[in-house]
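First chain written, first letter: the chains are A, B, C and D, and each begins at residue 1.
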Amino acid sequence: MSATRYTYLGPEGTFTEAALRTLPEAATRELVPMVSVPAALDAVRGGEAAAALVPIENSVEGGVTTTVDELAKGTPLMIYREVVLPIAFALLVRPGTKLKDIKTVTGHPVAQPQVRNWLGEHLPDALWESAASNADGARLVQEGRFDAAFAGEFAAATYGLEALVTEIHDAANAETRFVLVGRPGRPAAPTGADKTSVVIWLGDDHPGALLELLQEFAVRGVNLMRIESRPTGQGIGNYCFSVDAEGHITDRRVGEALMGLKRICPKVRFLGSYPRAGVAVADLRPLRPGTSDEEFLAASDWLTQCQDGRF
Amino acid sequence: MSATRYTYLGPEGTFTEAALRTLPEAATRELVPMVSVPAALDAVRGGEAAAALVPIENSVEGGVTTTVDELAKGTPLMIYREVVLPIAFALLVRPGTKLKDIKTVTGHPVAQPQVRNWLGEHLPDALWESAASNADGARLVQEGRFDAAFAGEFAAATYGLEALVTEIHDAANAETRFVLVGRPGRPAAPTGADKTSVVIWLGDDHPGALLELLQEFAVRGVNLMRIESRPTGQGIGNYCFSVDAEGHITDRRVGEALMGLKRICPKVRFLGSYPRAGVAVADLRPLRPGTSDEEFLAASDWLTQCQDGRF
Amino acid sequence: MSATRYTYLGPEGTFTEAALRTLPEAATRELVPMVSVPAALDAVRGGEAAAALVPIENSVEGGVTTTVDELAKGTPLMIYREVVLPIAFALLVRPGTKLKDIKTVTGHPVAQPQVRNWLGEHLPDALWESAASNADGARLVQEGRFDAAFAGEFAAATYGLEALVTEIHDAANAETRFVLVGRPGRPAAPTGADKTSVVIWLGDDHPGALLELLQEFAVRGVNLMRIESRPTGQGIGNYCFSVDAEGHITDRRVGEALMGLKRICPKVRFLGSYPRAGVAVADLRPLRPGTSDEEFLAASDWLTQCQDGRF
Amino acid sequence: MSATRYTYLGPEGTFTEAALRTLPEAATRELVPMVSVPAALDAVRGGEAAAALVPIENSVEGGVTTTVDELAKGTPLMIYREVVLPIAFALLVRPGTKLKDIKTVTGHPVAQPQVRNWLGEHLPDALWESAASNADGARLVQEGRFDAAFAGEFAAATYGLEALVTEIHDAANAETRFVLVGRPGRPAAPTGADKTSVVIWLGDDHPGALLELLQEFAVRGVNLMRIESRPTGQGIGNYCFSVDAEGHITDRRVGEALMGLKRICPKVRFLGSYPRAGVAVADLRPLRPGTSDEEFLAASDWLTQCQDGRF
């Protein structure tokens, strides 16, 4: 039954699975690992799964471009939730392996820059080769093809390995953000600490177009939390922008900004409004004066009065 | 009957009367000259007149500040029409007076800079003294207190004078704009070549506030045709701005810009939307892409679809 | 000797004379009243006077347009000082006149709106007629042509009148700003609390030109203190802007902003940098980060290093 | 000798080597393949090579984040040249292999999305596994570990393979941009069709900071050609921006914009000014009025005159 099936970027034992298991509903869903982000999302598009959890941004490596690009293209999908997970690697080995025995290491290409300094210090002579995923690296260690793999500590059990070193991460505060993606539907009700994701295409070859795009947000007091340029595939110099803005699509300031973008940009794709992970309403900066729903409604009433000549 | 009475800045024989008589409806109204702009407007406020015609802007002297300030203060009024009149002065004298006989000249203070060069060339030694109005100057000539008055040629008959010289104006293209002001009511339907007038107060002491004000217009593609700073009377450095924008309050781009102003400024006063004098729809610059009513409506439909998850 | 002669907007006994006498140097100058602002300024242009003191802005009536326009046109002049004077009127009468005897009042047209409320309350039936200046009004009372004149209290002695009522002003904080104008020369050294005046012409019919003008200031963190639109005399809708900005032309941020204006506007006229009246350095808002001279110089050094490849 | 040694992202037979060989000077240099972008760049940093050629942007996959990040961090480097190469893949196989024999394919992870559609159509059942580079994939085919590899056609000879299919690329206009990187030095003289690269860090948590950054360019009429957000490694939501702007650092408009960024941003790193690949001066958009070097110099002269009071 698709309604109870969630796909995720597999294999089992990845950080994505760990992130998915933080969702309360995960306990009652069938969790299906997929070989790639496109595969996880296509299962949703095709109706075989209700939702997919995929990584979208890493504080060290930046946007997970496959996810960003997949959401921008093809049959529309929508983001309903986000999960942020602190990332720390464990060095997984076959039981008994010592640090001095390690000649070859593996892991996901994204892991490599996050452990580079650690490697340089502790295993300067070890040879790195990339694996398809951190969990896949663990499997390759299990099979004896590498001596050690960087992966989440939780993957050790799955592959019969042990965590020789834990909490490895070059950058403090390393974390990965994941999104739960489904087919388009009504967004969750606003919580007061929400985020809205869109992809915006710029008109071709119009200098200043990015500035105009940003002004549509700025003039309504909508702060941007993430802006990521992506090639459109139409040749170097053609970009679209994947943007996360503070607020919910039902907030008037956000709605008006989105309509402004829709009017001036050749294409805008709405990717969803959803609660911000780990942020409470009390943590938020106050709204810029003049941008609350109340002020929008008061201004709308005033406009009607002016149009009717009642003042 | 107030419904058939129009006041205007008198006395009889001023350019304002000439402007008023260009309105077709003037033929069926009682036209009442008043001693001042405030008096003409107060008659409307008090219900003794249906409307008042007053000068608001002169291409040589700038805004007629009394009118601009009167419309910004007190009981609200609304502009329903504008009239633009080319301004050329005639030198009115008692019959028989020759140019060489003229030792003293008079006219409204606003006339003086518009004929200064002509005076310097043709009557370098004549003494200028200001009159309360051009027509009043004509009257003073009639009474023998001055030798000549600058006024509209049409004033000669009223005061038994003759126009010794006509078409006097230092600046080519001199013209004055007049507005027909009434009590608040529903603005005339949009013609496609309209103008919207507002007065906008800036928050105190907020650098960049004027820039923000202008961006509310710019981001919606609404062009400004006139912007005039006026003191608020709260001390030097406190201004409000009297602004004419292209478009009608029922145009979506104009309405959204006005609501934006209403939200960020401490006070906005709507002064009316009315047809632009002497401008046909065909003369207008094309709208900036993305700012037509159709595009606003399409964006609004799109937003609703996004909010409903139907896409 | 022109070097010791200062002209001012006369006649004697006006607020302008009072303002001029607040300047320490006035004690050693020959102070010459002139019949008009143009006359006072032309004496400087022609070399007959070293400087002229003229009113430029009134907190009730706004810009003194004659002064603003005169400085924008003709042979260039420069502002070297400003004086701000609180404005309160006295009602001057011939000795013995009682309030109930007053049927006619006079004063400068600019005075009228500043005493309108007072008049309405205390002399509702008195007839107002404008005089060429407040002091001229006092003279007309002396001559018996009017019963009372609004003028500065200091004018009473000059014209043998007495001040029946003093401290009359409808608006609290009424004040007038005067400028001391000379032929172009090196501006006074910066004091840290300075102001720079310019007149800026906009390119014809370029929507958004005013916004671009303001951004030249904003992007360098230069606050505007006054912006006043003035017609160029080229027909309604053609404006130049008279602007006062915080800072001195030798401040790097101000200089760069002025150069930016010079590049994008068809015409810019520098009117001077001079100390702000009544403002101490300690009263100023802190500069926007990144706009001090030190930061400009550091950035300039950095650019040179980049251009030389030394980093 | 380091002065004659150029490193590049190896191994031999990659597109990077092909790009490097388009440089005339390559004929007289020792070309050394390196295992990674960091390795290629570190050889330059350490003085073992004069320059390194590395890919920086792909029209399908976007920025090559390793290169972008490496240039933003560590010992400063500078870009002296760029090379743009159209990208088309060949399917390389051991001689004799037929399409129907192919069960496993490999290639660089970046190649995969560029051939995904082709794979889906022609080899829907083939298993993809990533290789460290396209050339490395070819080597793995040579060794028999995969049946086919996507790589540049030129790699066939190096690895004793044959190109079964050529000109494979899902997106028309696929191309990769490479940069030639050296130690800091004086940039090449401007050609009139140049590009300037910088990395700009935003102040923490300042909404609107990106808008301000863009305005520093916009107000001086400097167009941006590429803007790419990158995480700073300080946690999600902290970005720096890698930017390519039109023009040369010795162009006054570019220099002033860079100084503006230097003043308002916590950190700016200059990455070089160099000729745009494949763009002639005649192809360029005209400069925005007011932004040529001549206009900058004229404005500078004018400012000096104003400061000296000579006008």
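The definition used in the following text is that a residue touches a chain if its C-beta (ideal position, glycine included) is under 8 Å from a C-beta of that chain, and two chains touch if they have at least 3 such contacts.
Labels paired with UniProt names: A, B, C, D = Prephenate dehydratase.
Everything numeric in this text was worked out from a predicted model, so none of it was measured.
Undergrad: Using mean C-alpha positions as chain centres, tell me how far subunit C is from subunit D in Å, no decimals.
TA: Those two chain centres are 56 Å apart.
Undergrad: Could you give the separation in Å between the centres of subunit A and subunit C, each centre being the mean of its C-alpha atoms?
TA: 58
Undergrad: In whole angstrom, what separates the CA-based centres of subunit A and subunit D?
TA: 25
Undergrad: When you check subunit A against every other chain, which residues touch at least two of them?
TA: 215
Undergrad: Would you identify the shape of the chain contact graph, picking one of line, ring, star, complete or other?
TA: ring
Undergrad: With touch defined as at the top, which chains are paired up in contact here?
TA: Those chain pairs satisfying the definition are A-B, A-D, B-C, C-D.
Undergrad: Using the touch definition up top, name the residues of subunit D that touch subunit A in the complex.
TA: 57-63, 65-66, 69, 84, 109, 113, 129-130, 132, 171, 173-175, 177, 207-208, 210-211, 214-215, 218, 223-231, 233-239, 285
Undergrad: Give every residue of subunit A touching subunit B within the complex, in rising order.
TA: Checking each residue of subunit A against subunit B gives 76, 78, 184-187, 212, 215-216, 219-220, 249-250, 255-256, 258-260, 262-264, 268, 270, 289-291, 295-296, 298-300, 302-303, 306-311.
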